[in-house]
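Letters A, B, C and D mark the chains in the order given here, with residues in each chain numbered from 1 onward.
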Amino acid sequence: MGIGVFPYIVLSVLVFLLGALGLMIRRNAIVMFLCLELMLNGVNIMFVALSRRMCSAEGQVIVLFVMAVAAAEAAIGMAVITAFYRVRGGVDVDRAQLMKW
Amino acid sequence: MIGWYIFFLFLALLILLSAVGVVVMRHPVYSALSLLFNLCVTAVMYLALMGAPFIAMIQVIVYAGAIVVFFLFVLMLMNLKRGEYEDKMGPWRIVLGIGAFLIFLLQVIALSGKWKGWVHPGSRGVGIGEISRLLFTRYVLPFELVSLLIFVAAVGAVALAKKRL
Amino acid sequence: MKLWVLGAVFIPLLGAAVNGIFLWITKKKAHLIAVPALFASCICSLVVLSKVLGGAHADFDLYLWIPVGKFVVPVGFLIDELSAVMLATVSFVAAWIHLYSIGYMEHETPRGYAKYFCWLNLFTFFMLLLVSANNFLLMFVGWEGVGLCSYLLIGYWYEKASAANAGMKAFVTTRLGDLGFMIGLFAIYKYYGSLMFANVFSHASILSSSLITVITLLLFVGAVGKSAQFPLYVWLPDAMEGPTPVSSLIHAATMVTAGVYMVARCHALYNLAPFSAEIVASIGAFTALFAATIALVNNDLKRVLAYSTISQLGYMFIGVGVGVYAAGIFHLFTHAFFKGLMFLTAGSVMHVLHGELNMQKMGGLIKKMPITGWTFVVGALAISGIPPFSGFWSKDEILAGAFFHGHPVVWIVGTFTAFLTAFYMFRLIFLTFFGKPRDAHLYEMAHESPPVMTIPLIVLAIGSALAGFFALGPHGGIVGFLNKTLGETVAHGKEAAGVGHLLLIISVAMGVLGIALAYSMYIRRVPDPVVMARTLRPIYTLLYNKYYVDEVYFAFIINPLVGGSRYVLWKFMDVAIIDGVVNGIGRLCRLVGSGVRQFQTGYIPDYVWMILVGAVVIYWIGILF
Amino acid sequence: MMGGVAYPMLTVVTFFPLIGVLVLLFIDKESKNLIRWVAFITTVIEFILSMPLYFRFHLGTYHYQFVERIPWIKILGASYHLGVDGISLFLVLLTTFLTMLSILASWSIEKHVKEYMISFLLLETTMIGVFCALDMLLFYLFWEAMLVPMYLLIGVWGGPRRVYAAIKFFLYTMAGSVLMLVSIIFLYYHHYKVTGELSFSLIKLLATPVPAVVAPWLFLAFALAFAIKVPMFPFHTWLPDAHVEAPTAGSVILAGVLLKMGTYGFIRFCMPFFPHASLRFTGLFLVLAVISIIYGALVALVQDDMKKLVAYTSVSHLGLVMLGMFALTLQSVTGGLLQMVNHGISTGALFLLVGMAYDRRHTRLIKDYGGIARVMPIYSAFFLIATLSSIGLPGLNGFVGEFLALVGTFKSHPVFGALGATTSVLSACYMLWLVKRVFYHEITVTENLSLKDLGFREVVICLMFSIPMFWIGIYPKPVLKRMEPSVAHFIAQVKGEAAMAIEHSPQAKEKMSLAAYLVEERKVEVRP
């Protein structure tokens, strides 16, 4: 158990970056959402690790909030995607450029 | 000590692999399953290595159990055909994406010297009692606000997804 | 005393208010309020005059009007010999003209009728305020107020383009003069620290003479505008577009004399500024001659009278300019009678001839309308300076004053103008009332006006005939009376009686000569005026076109101003340059935006990429700079 | 210095319209008449609520009255600090008065009535807030918040080019006010640096003089914001566009109140904060003011559109206000201040009257009218009164302000006073020419033959406007008495205490001309 915080931080950054990479290279909206969750998860790892390091429960409280927000975001996101799918006939984000410029 | 390291490396490897899976899987359902796996392994890590059993629990119940399953539902509802779900990822985008990935990573590594020496001070985990105490005292306002947020999100989701209100 | 003064000034305002607010009720009965109001005011004024004759004076404040720091202006009244005479003159003439208006305006619409009386009452109020105010600012209120009423009444028949234009011209031109007056007031406040007559005049000499000269000249600019002197006289002939009683009241008897009153009121300042007084007298003399020459050839009944008014106002300015203020005011007083009378008779002619004003179409009217005709003759005799009619007395005072105060040139001009005056007045009479009718149709239409119009004519004719005898009262008559206020105590007649009598004979001879020439030209036709006009064509054309002054003003002032404003200031400066810069900045922003928005691809992956790389870049920017 | 009242008057006056907004929110948007009445009654009550400010105002003191002060954002040192003095009192009253009549004049609005009325009531709150706020942050908040409802009023209910006009209005104003924000923040930090106290309070910031090196720059930053709002000569082009496109009531408020915020800003913030810089730039501003007066009048002369004409007259009139303020004499500043009120009343009335014609004929071009005095006599009568008030005819309100401003200006700067006085001629030219072309002559356009004269509601509006015109014209003393102490204090602030002391000391009296001394006596004598 005494392996220190550093490995967790590296792990967290890697997970976060992998999620970001997914966001960058994927165009399927649902997969992008999944990548977003992945990023959030990376952040959560960091929070929990530092919460342990600081001997404080606050990090974990924040994680709870992050999860709640993630849930809300997923709900709205999925609703948007279904609506979008209905209108555009696909979940490819490249189709969504009404707001472009 | 070494044992813990090996255990950590094992879990971390699983997490990273599944994360890569989320990114590269062709079919969205595979991606989702991969994420599910990723979350579960993270929960194990919380529980076994990081002394955060409550978060681990929530991670499984809410994240894995509710959110990802919810994603899966949506995927099934849409029932995407082959060709519809496939990404046509241009090589440029992949190169650029990986480039940004590496740049950021390098940056983090360059800055990581600060944390290298951070060693875990003790084994005392934080109990559920401590969390709930904080939640209902100092964080009670954000807590309530979050509940409101979820409520709004639920209503909003219905409003958005319904064809006609 | 206070109450009588307030009554004299405010009863007309009350009448105006009632007629103005209850226009829809009074309608054709408006005169039942307006005319009694004026007669009441007249009685009050006469009471005030009688009290002043008994030696009483008054200077009181009704309430504090504008108090800011040391700038304190009350609504207050000053009653001395000068203002008492003015009050009485104005309200007396105005009352009879009100009465006359009942007949003259009988064919107007009910609303127009009530409106007319409302404005006429309002005018009288402002005029009375002007002459009874105890400070410059309140005087200015009356000054501008009469201008407003003049504007409204000239434009009474606003559907006629010429009337609407004339009203505006009158207002704007007089405002141009008022600008000078206003700046004069600023200067008075700046240097004297007060606008009260009492304070300013009692300490008039604390300023250097050059400053007083500037102040008095500025004030005189106001008088030039209001009293239609050269070069701002152009509005007065056009003002004849208004109903004739209005021309009579405002543009002959009262408002236009405000400038003369003002100069007389400020005699304490003008006495200290000989150069300004010189200017006043010169402008007066020049205008007298200038306007008289135009009147020689004009064929429009009312315009001849208008130019005659301008000319006579010139006389008054000669009077106040050469320092015989009382004579100037005396001429103002007699002029109010005979010029008011002549306008009313002209109105009477117009009334029965349905607005015809061209005297070339008239002739022989005296048979059809004897009262009108003969009263006009009385007025003309008065203006021509034939003794014993009133004009003789006052004109003689002025000319003698000019001569004895060392202005021989002014005297020559004045005397020559007297000749011209007699000539054009009797030209008018012979063309209109005597000789053969030149338009049978018009002649058929003519008949005497109703009594409501002829009674004022008779009253004013008696005034024109006899007002001059006021000069003969004890202690120098009216002149001596006015001099109690106006301060000029030396009676010139005594020191050079012989020369005085010679001057008198010359000026009367000039008048008689003028009448005789008019008689020979327009009744005997030797020399025939038509032939004369042909032989002297260039001069005739110049006079007939009024020296082209209006045209010059349009070409050199008004058109450049309007054109410059439209094309240079508005279209070029405002729209092209300033808005151009503003819109240019807007366009520049859009240009930059359209370049920068290329980064805004709308693809989420690109944004993620930018966030990640951007975070690194910003970190390094922070480190390096 | 509470005015001896039991309730927080200014807060009530400022925020009462929001209660009206709240009520309006619960009314169905289809019941338009109910909405109009609710809005109107709200503004009437608001006006009545603001009346005690006038009656309970203490004469003879320059201190702020009806002051309320509650800590607001403690960490920033900002407080909720309201108060009025002789300078802002009449602007508050003008706001409530004009808003009431504007709502009454908005009966003809049919599009989105509910939103319109809500915008209007919000606008009223923010405007009053601007005039009452004594905390810079609070002031800035109201100042910026005011833009939004006005932007909506122009942009949604305006004429054909409304969007262009609204954006121009918004951006112009923003451009200036951002610079002002920078200045405010500088003042705030400077105050912190000097005294160690964080405060946005106007009074405290005023007590901390700014270093002479930066003062001119800060002054110019403030001045730009306010000069745009006024608007002074080179920054005025938003005004004609905004006025022409705004709905009638919007124009009334724009001209009547919003422009005053610029001049108010100068007198309340810009000049007292930077007295030395103000004195240094006096020449510049006097020149700009005179240019505004003459230029605005000349451009107004040649306009074809009635509303645009009236808009340019605002440039001219506000130039006069600026002239009076920078001339810095008691008379000129008081006159300028009074002229602000007068301009709000007379120009407001003119805009309303133009709007009434527009409601009937749907055109504002002068050439489409002509001769309508015959078919609309009441309308013409009121138009004439408003015109005369606007051109400063003695006996009506315009004259008192104009004359005071000019006589005071002449006292310190004779040339500028004389140049400014040309406004009396030029204003007569453009207004009477307008009157002539619109009301006189024969009717040439047949549509005009069937024009209806004013209805009851419109007559009420016009009568309401006429009352203050006559009142201020004939008996301005109560107004002037309330303004005078604050103006004197303002001048003392700018010119420095020393200058003021000389003017009031007994020794100085001996130096005064004897005549002026007599006046002084007279004044004492008649004082009640």
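As a convention for this text, contacts are C-beta pairs under 8 Å (C-beta built on N, C-alpha and C of every residue); 3 or more make two chains touch, one makes a residue touch a chain.
This is a predicted model, so every value here is computed, not measured.
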**Study point:** Chain at the geometric heart of the assembly (C-alpha centres)
**Key:** D
Check your understanding: With chain centres defined as C-alpha means, what is the inter-centre distance between subunit C and subunit D in Å?
Key -> 36
**Study point:** Centroid spacing, where centroids are CA-atom means, of subunit B and subunit D in whole angstrom
**Key:** 59
Exercise for review: Could you tell me the distance, in whole angstrom, between the mean C-alpha positions of subunit A and subunit C?
Suggested key: 89
Exercise for review: Could you grab the centroid distance between subunit B and subunit C? Build each centroid from C-alpha atoms only and quote it in angstrom.
Suggested key: 94
**Study point:** Per-residue overlap in subunit D, given as positions that touch at least 2 other chains
**Key:** none
Point to revise | Shared-contact residues (touching 2 or more other chains) in subunit B | key: 93, 96-97, 100-101, 104
Exercise for review: Would you give the residues of subunit A that are in contact with at least 2 other chains, written as numbers and ranges?
Suggested key: 20, 24-27
Revision key, fill the gap. Every touching pair of chains is listed here as A-B, A-C, B-C, C-D
Check your understanding: Which of the residues in subunit B come into contact with subunit A in the complex?
Key -> 1, 4-5, 8, 12, 15-16, 19-20, 22-23, 25, 28, 31-32, 35, 38-39, 42, 45-46, 49-52, 54-55, 58-59, 62-63, 66-68, 70-71, 74-75, 77-78, 80, 84-89, 93-94, 96-98, 100-101, 104-105, 108, 112, 115-126, 130-131, 133-135, 139, 142-143, 146-147, 149-150, 152-154, 156-161, 163
Point to revise | Footprint of subunit B on subunit C - complex, ascending | key: 605, 608-609, 612-613, 615-616, 619
Point to revise | subunit C partner contacts - residues on subunit D that touch it in the complex | key: 168, 171-172, 234, 236-238, 295, 298-299, 301-303, 330-331, 334-335, 371, 373-374, 377, 388, 393-395, 399-400, 403-404, 406-408, 410-411, 414, 417-418, 421-422, 424-425, 428-429, 432-433, 436, 439-442, 474-477, 480-481, 484, 488, 512-520, 522-523, 526
Review point. Can you list the subunit A residues touching subunit B in their complex?
Key: 1-11, 13-15, 17-22, 24-28, 30-31, 33-35, 37-38, 41, 44-45, 48-49, 51-53, 55-58, 60-61, 63-65, 67-76, 78-83, 85-86, 90-92
Check your understanding: So in the complex, which bits of subunit B are touching subunit C?
Key -> 93, 96-97, 100-101, 103-104, 107
